[in-house]
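Letters are used for the chains, namely A, B, C and D, taken in the order the chains are written, and counting of residues starts over at 1 for each.
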Amino acid sequence: MAEKLYIEALREGLREELLRDEKVFLLGEDIGIYGGAFGVTKGLVQEFGEERIIDTPISEQAITGIAVGAAIAGMRPVVEIMFFDFLTLAMDQLVNQGAKIRYMFGGKAKVPMVVRAPMGCGTGAAAQHSQSFPGIFAHFPGLKVVMPSTPYDVKGLIKAAIRDDNPVLFAEHKLLYRVKGEVPDEEYVLPLGKADIKRKGKDVTIVAGSIMVIRALEAAKELEKEGIDVEVIDPRTLKPLDMKTIIDSVKKTGRVLIVEDDPVSFGWGAEIAAGIVGSEAFDYLDAPVKRLGGLDIPIPYNPNLERHAVPQVEDIVKAVKDLLR
Amino acid sequence: MAEKLYIEALREGLREELLRDEKVFLLGEDIGIYGGAFGVTKGLVQEFGEERIIDTPISEQAITGIAVGAAIAGMRPVVEIMFFDFLTLAMDQLVNQGAKIRYMFGGKAKVPMVVRAPMGCGTGAAAQHSQSFPGIFAHFPGLKVVMPSTPYDVKGLIKAAIRDDNPVLFAEHKLLYRVKGEVPDEEYVLPLGKADIKRKGKDVTIVAGSIMVIRALEAAKELEKEGIDVEVIDPRTLKPLDMKTIIDSVKKTGRVLIVEDDPVSFGWGAEIAAGIVGSEAFDYLDAPVKRLGGLDIPIPYNPNLERHAVPQVEDIVKAVKDLLR
Amino acid sequence: MELTAEKKLWMYKKMYEIRCFELEVDKLFKANMIWGTCHLSVGEEATAVGAIAALEEGDMITSTHRGHGHCIAKGGKLPQMFAELLGKETGYCRGRGGSMHIADIETGNLGANGIVGGGIPIATGAALASKMKKDGKVTLCFFGDGANNQGVFHESLNIASLWKLPVVYVCENNQYGMSVAFKKSTAAENVADRAAAYNMPGEIVDGNDVEAVYFAVKKAVDRARKGEGPTLVEAKTYRWLGHSKSDANLYRTKEEIEEWKKKCPIKRYRAKLIKEGVATEEELDKIEKEVERKIQEAIEYAKNSPEPSVEDIADGVYA
Amino acid sequence: MELTAEKKLWMYKKMYEIRCFELEVDKLFKANMIWGTCHLSVGEEATAVGAIAALEEGDMITSTHRGHGHCIAKGGKLPQMFAELLGKETGYCRGRGGSMHIADIETGNLGANGIVGGGIPIATGAALASKMKKDGKVTLCFFGDGANNQGVFHESLNIASLWKLPVVYVCENNQYGMSVAFKKSTAAENVADRAAAYNMPGEIVDGNDVEAVYFAVKKAVDRARKGEGPTLVEAKTYRWLGHSKSDANLYRTKEEIEEWKKKCPIKRYRAKLIKEGVATEEELDKIEKEVERKIQEAIEYAKNSPEPSVEDIADGVYA
């Protein structure tokens, strides 16, 4: 095992799939010589050539639709959308076409494609470059939605996403790219639809996704000092969603905090909360289900405001304490 | 008071605002001589002329963006998007521009615009013309989201939406257009952000929106025969969301069923469920919060399959009984 | 580039098949046997047939909401088509898609589309796949005059031209996008004039002349197959019936409709075939009878087919 | 159409102001005093200034992610601009918008935009408002060469032409959209060539010649104001610095950059003004000194301004 950055593990995953299957190719804006806005695809055009690492015009809708068409015709495209917010430009092709085609066609077509995009605030990019709304896509039938939080997960899940025969939205996080973690040397693929218990604990369950997993783990360390034993669960894929792992944890701890990176209002945390209280875990709850997420505002530019717009470690610590009160 | 169709009440609301304020104008595809795909704007071009009832090319993104620009420049545009599903084509202008501009500009611009669109299945229009996802928009800060269920509400709320100084997404429902109800002869405007108790009851609360209000009321009638007294609450606006009315009801009944018209997974019902169990109502709950909604599939064409894809009256009846068991 | 008698008769037969199909659909619709909505292409048969006649067997198409004709011309099976419209399990989409989503991947029909312009990038992507796989296939992309104002039209044609993709864009300009006249929707004289903006050839052709359509599209297909890039072909035609199930035709005059009916692509071609001695009246009558018989058989098949079962409602969402 | 000496000197001063502003921003950025990202327009000053010089006071503009120059030329106040970049409460957006969202509704600047092409329909809508209100205003819409491949460009220009809206589209073609060269992104020789697809005039102008830009845009503005409809003006220019904060310039050569630096719009205009006798070296030096002083003052103002308070974080979401 070696320590690697999230961005390196992700790039390795892409590279291994490009090597393994010649049907796999990447397309997106500035992913060639520039290496992508965040550097994810650095070096790949040199290795695989411009035919497989394709720089596109600034045409999000078309490139997503082109991926749909290429996928139906037998390829396995991986699209990079430069910022998650720009997915709104490609929505029709993603949710009305890519996601629905198979069902509409009576199960007679496959659309194996991945759309990757970095979400999240914390870089001062302001309201049009900072939102994290993977939960929105999880509402549309036919899509799968993945949001890995560690180098290990991102590598195993990007490989799974590329091998999956369905359209997969792959939500990365800008602040995770520089996070380090252990990555096995040998090849591995992780399943889509399996939550991961990132930390075992018995007093309270935190369900956190993407960057919030990192913050939840830090908060757990803080709380440990005060004798509070936190279990941290990372759903990893929002769709399919592994409610069982979450429910089992809540049945054990009786208390749950859900932490997300976007306005809490109508976010994916609501689905998890509703899933918990609609299940047998309801009878095990010792406190109301608590959600912690962003304020219901566009992400502000000023760094101090920006910091306050979404949960930080101290907010998680406080929320857990509130829950135990 | 006169009995009117939902579509008539809506048209009257539009007409009154066009008469009241010359800044108000409508734009959309086939809204002129054709009267709109569902006939909502019938007769308006004859009365107000082509300058104020504007037929546009099939360019959803541009017409929504044009509305944003016209609104900033002092007009009050009302856009018709022919089917709710097509909002995915206009997402960027709606959620990244219209909704966020005011905040991004430090509160120094107003964007008074309305985007109307009919949602829902039940007409055999299949997967690309049948989805109902108003909850998706409620997640984006800066927007308001309205989904009226009766002729009375639709008239009062469209007038409020047009007079509001913010971008409002106005979600109509195809199957409601032909529903009748009482509409006052005198002018009235309803507040955005106020739920309505459509039926008082003490045994169980149903929170239903749009077409599901009608079905919930029918189910309540059925259940009454069996001695079950149902309270039906219509949030009317998803954003702002009047959780207080819902919470008060749940505190009274101790049991709640949420009914929506789209895949239950990651829908707006999750937000309501999470809101309930995150509130003081949690302590009053005698049963898990139950959600009833569509299957997690694209809407099928076959009428029988289509019917089974979303909740019908009998499903609501059954769900309430389950809840009381 | 000469057309064989066989091909000519095939084109006649397909046009007639489409006409009959659409008129039967209209009847079934009026008899409440078809659910939802239907966009019929009566009057536009020459465009679908002429364009698809220019393809090789393995080639692909993307179609539109007004797609029955494309499907038939591409080799779609009538029984499965009717079955789909009747929402039956034996239909092309197992009753899940209906008129706006008929697809037949086997014959290379990548599907109708409920979103105006939605098929344009999909066709472009299929062509990219062909280029990458070097499979020698060409994709033909149908869309309407209304669709030419969708942003994705612009984005896709630009990319197809840049990358020299083997795709042919065929605009069926039937003068209206629903109720809006072409002049009121498009700030250009012709859709084909927009080809220059993408540095690709733009061709205008009489969409009611099946051979003219064939030759224009054939040229474009050949060019695409040789790796020389896409072409935009605009076929001027006209829709005889309403836009969809209900349409009061308020936006156009009866005279205009009558004027266009005189240019019936099928009648015209019939006269031409007889004049050229390709076939006799009797031979053509025989083809027509045969088509009519097959259509009735197909309808019977569809009527007698089973409904999809509710237990299987979620089949086919994911692979 | 003659330019007064006053106007010429105004143009010189504004270009110099933009240059100084951008270079100071670069310094502040490198000193970690500016958060997030910044897209600087060094080398492109003549386009912003020449185009905006052609407007009347009440006219409107929409700007882009590379928008500092547009804001300054439109009359934006330097202290509020620096304050915004420093995230201060006194900034144009109360520190909530930053570089990519500076707007100044009072001077008619409807805002920069973080979405490439996002301002194009907004400008079109502002122009529609003017037409409806008959307020005689023209809206000028800036966008880059990269933006010309966004679908909404197509949709908007089509509509503006159909409805003869008083809007002028100014494409700042600086040869690259981030790292992708114009030739690799656009299947047309020139952006202006695409105007024909919308039946509107397309003009190409040397974007480093401020007077040439002025005259081309003025013609378009006059046409728009007379109700004759929109024009697409393409100004060919070049960005000297990286795309945004970090950019290794891998996609272009040093030689190319040096070549374009020789065409510096400010140096060129300085020489011209002196040659024409509009001003002496000393007079221009004085203007420059004055600008430099104001810039420093503005930076001081920004530095000394208060941070927004966290209590007010939700201010301004809704009206």
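Here is the rule we use: a residue touches a chain if its C-beta (ideal position, glycine included) is under 8 Å from a C-beta of that chain, and two chains touch if they have at least 3 such contacts.
This is a predicted model, so every value here is computed, not measured.
Peer 1: Note the connected groups of chains, using the touch definition above, after excluding chain A.
Peer 2: Once chain A is set aside, the chains that still touch form a single connected piece.
Peer 1: Among all other chains, pick the one whose mean CA position is farthest from the mean CA position of chain B.
Peer 2: Relative to chain B, the chain with the farthest C-alpha centre is D.
Peer 1: Roughly how far is chain C from chain D, going centre to centre by Cα mean, in whole Å?
Peer 2: Measuring from centre to centre gives 46 Å for this pair.
Peer 1: Once you find the CA centre of chain B and the CA centre of chain C, what distance in Å lies between them?
Peer 2: 36
Peer 1: Could you state the distance in Å from the CA-based centre of chain A to that of chain B?
Peer 2: The answer is 30 Å.
Peer 1: Going by the touch rule set out above, which residues of chain C reach two or more other chains?
Peer 2: 93, 95-97, 101, 113-115, 118, 149-152, 155, 158-159, 162, 184-186, 317
Peer 1: Quick check: what residues of chain B touch more than one other chain, meaning two or more?
Peer 2: 57, 59, 61-62, 85-86, 89, 92, 96, 103-104, 126-128, 141-142, 296-298, 300 - these are the residues of chain B that touch more than one other chain.
Peer 1: What part of chain D is in contact with chain A in the complex they form?
Peer 2: Spelled out, the residues of chain D in touch with chain A are 35-37, 84, 87-88, 93, 95-98, 100-101, 113-118, 146-147, 149-151, 177-180, 184-186, 250-251, 307-308, 310, 313-314, 317.
Peer 1: Taking the touch rule as given, give the residues of chain C at its contact with chain D in the complex, in rising order.
Peer 2: Interface residues on chain C, with respect to chain D: 149-155, 157-159, 161-162, 184-189, 193-194, 196-200.
Peer 1: Which residues of chain A touch chain C once you look at their complex with the stated criterion?
Peer 2: Touch list, chain A to chain C: 25, 51-52, 56-57, 59, 61-75, 77, 92-93, 96-97, 101-112, 141-142, 144, 165-166.
Peer 1: Would you mind writing out the residues of chain C in touch with chain A in their complex?
Peer 2: Touching chain A from chain C are residues 60, 62, 91-97, 101, 103, 105, 110-111, 113-115, 118, 120-130, 132-133, 139, 151-152, 155-156, 158-159, 162, 315-319.
Peer 1: Which residues of chain B touch chain C once you look at their complex with the stated criterion?
Peer 2: 29-30, 32-34, 37, 55, 57-59, 61-62, 85-86, 89, 123-129, 295-298, 300-305, 308-309
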